[in-house]
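Heads up, the thing below is written out as structure tokens.
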Amino acid sequence: MLYEYRLETPKEGFIDITDEVRDACRQSGVFDGMLTVYCPHTTAGVTINENTDPDVKNDLLLALNKTYPDRAEFRHSEGNSAAHLKASVIGSSVTVMIDDGELVLGKWQAVYFTEFDGPRSRRFTVKVIGNRG
Amino acid sequence: MLYEYRLETPKEGFIDITDEVRDACRQSGVFDGMLTVYCPHTTAGVTINENTDPDVKNDLLLALNKTYPDRAEFRHSEGNSAAHLKASVIGSSVTVMIDDGELVLGKWQAVYFTEFDGPRSRRFTVKVIGNRG
Amino acid sequence: MLYEYRLETPKEGFIDITDEVRDACRQSGVFDGMLTVYCPHTTAGVTINENTDPDVKNDLLLALNKTYPDRAEFRHSEGNSAAHLKASVIGSSVTVMIDDGELVLGKWQAVYFTEFDGPRSRRFTVKVIGNRG
């Protein structure tokens, strides 16, 4: 069971996609298993972090931009090597467990699509594996 | 098969949880498959690294703290944005393969729970997928 | 289904292993599922990034080396703590979905083995899970 979702992103930022991931979980009917959220782009990623205070995602973006700046030595002609690097540091996928038909997220966790080189039309896929209830 | 383990963490550090992960593997009876270790917290993570010289984990923590310092610009009221960032950089889960009923870890690999904002009562879950022998 | 591949690495760099991963997918005969590529070493990793302009991988390596330098405070006697850290930041595994018997990679994505402490004889494993067509 493979589900695809589309989104329009801002220039950069963390976009909460937990509702879409939960939707894929429910559509699949999997009761006991796990799912993987996958980003098919090379200047964006997916991660899991705090779901409540929006300042957290702003702080994460600010610090990633300071830690991984554009550099004069970069040679990639598109000029977005820093975005490629942030994508690899954050990662292209996350895995979440499913128990009793529900995502097993911690109380403060949300799933984020992380855009580092937008605005763009993006997509992500969710693969669900396991036993149906 | 979903297993949960609890631990009390120090202020920060890499805690070796390989024994617990191996325990989950054996309890599951899975002979051929894989497992995912998942951290349900947003200021801690899980990673795989060197199992022998304890200086390695100390060096990793030292360098992570230098690379991802607290910043005056951070606005998150809890004051632990650097810990949130280290959690996303290290990641919320690792996957390990199972062959012949055993974890397929490299000779020098251990699985670590990484605390960035303790001390706290923490937990992690292990999901095992595959065929029983 | 567990497949192992060997490679000889340079001092450091991103080595494209997409062909080997695709080979494992095809050998498995899995039509609908997913696979995990796993690095059993602690100073190397695996990641997914741009498949076209070779300058991207050079830029990524350059920036990782600037972000995670060797540090005078490091105590690990082998002197390769920076390589251990880059391994944990990049990660020990990636997951790729399989649909219709093919890897579901984005148009610009390749799978890379990332060497941070070579040259060495290295290996990686690919575990394929799912239904055969």
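The chains carry the letters A, B and C, assigned in the order they are written, with residues numbered from 1 in each.
Everything below uses one rule, namely that contacts are C-beta pairs under 8 Å (C-beta built on N, C-alpha and C of every residue); 3 or more make two chains touch, one makes a residue touch a chain.
Owing to the predicted nature of the structure, the values given are computational and were not obtained by experimental measurement.
J.: How would the chain B/chain C interface be labelled, same or different, where same requires over half of its residue numbers to be shared?
T.: Under half of the interface numbering overlaps between copies: different.
J.: Determine how many degrees of rotation, between 0 and 180 and to the nearest 5, align the Cα atoms of chain A with the equivalent atoms in chain B.
T.: 120
J.: Could you please state the distance in Å, as a whole number, between where the Cα atoms of chain B are centred and where those of chain C are centred?
T.: Computed value for the inter-centroid distance: 19 Å.
J.: Where does chain A touch two or more other chains at once, residue-wise?
T.: Residues 67, 89, 91, 95, 129.
J.: Once bound in the complex, which stretches of chain C touch chain B?
T.: Listed in rising order, the residues are 2, 36, 38-42, 67-68, 71, 73-78, 81-82, 84-85, 87-89, 91-93, 95, 125, 127, 129.
J.: Please give the residue numbers of chain C that touch chain A in the complex, ascending.
T.: For this pair, the touching residues of chain C are 32-34, 47-50, 53, 55-56, 58-60, 62-64, 66-67, 89-91, 94-97, 99, 104-109, 129-130.
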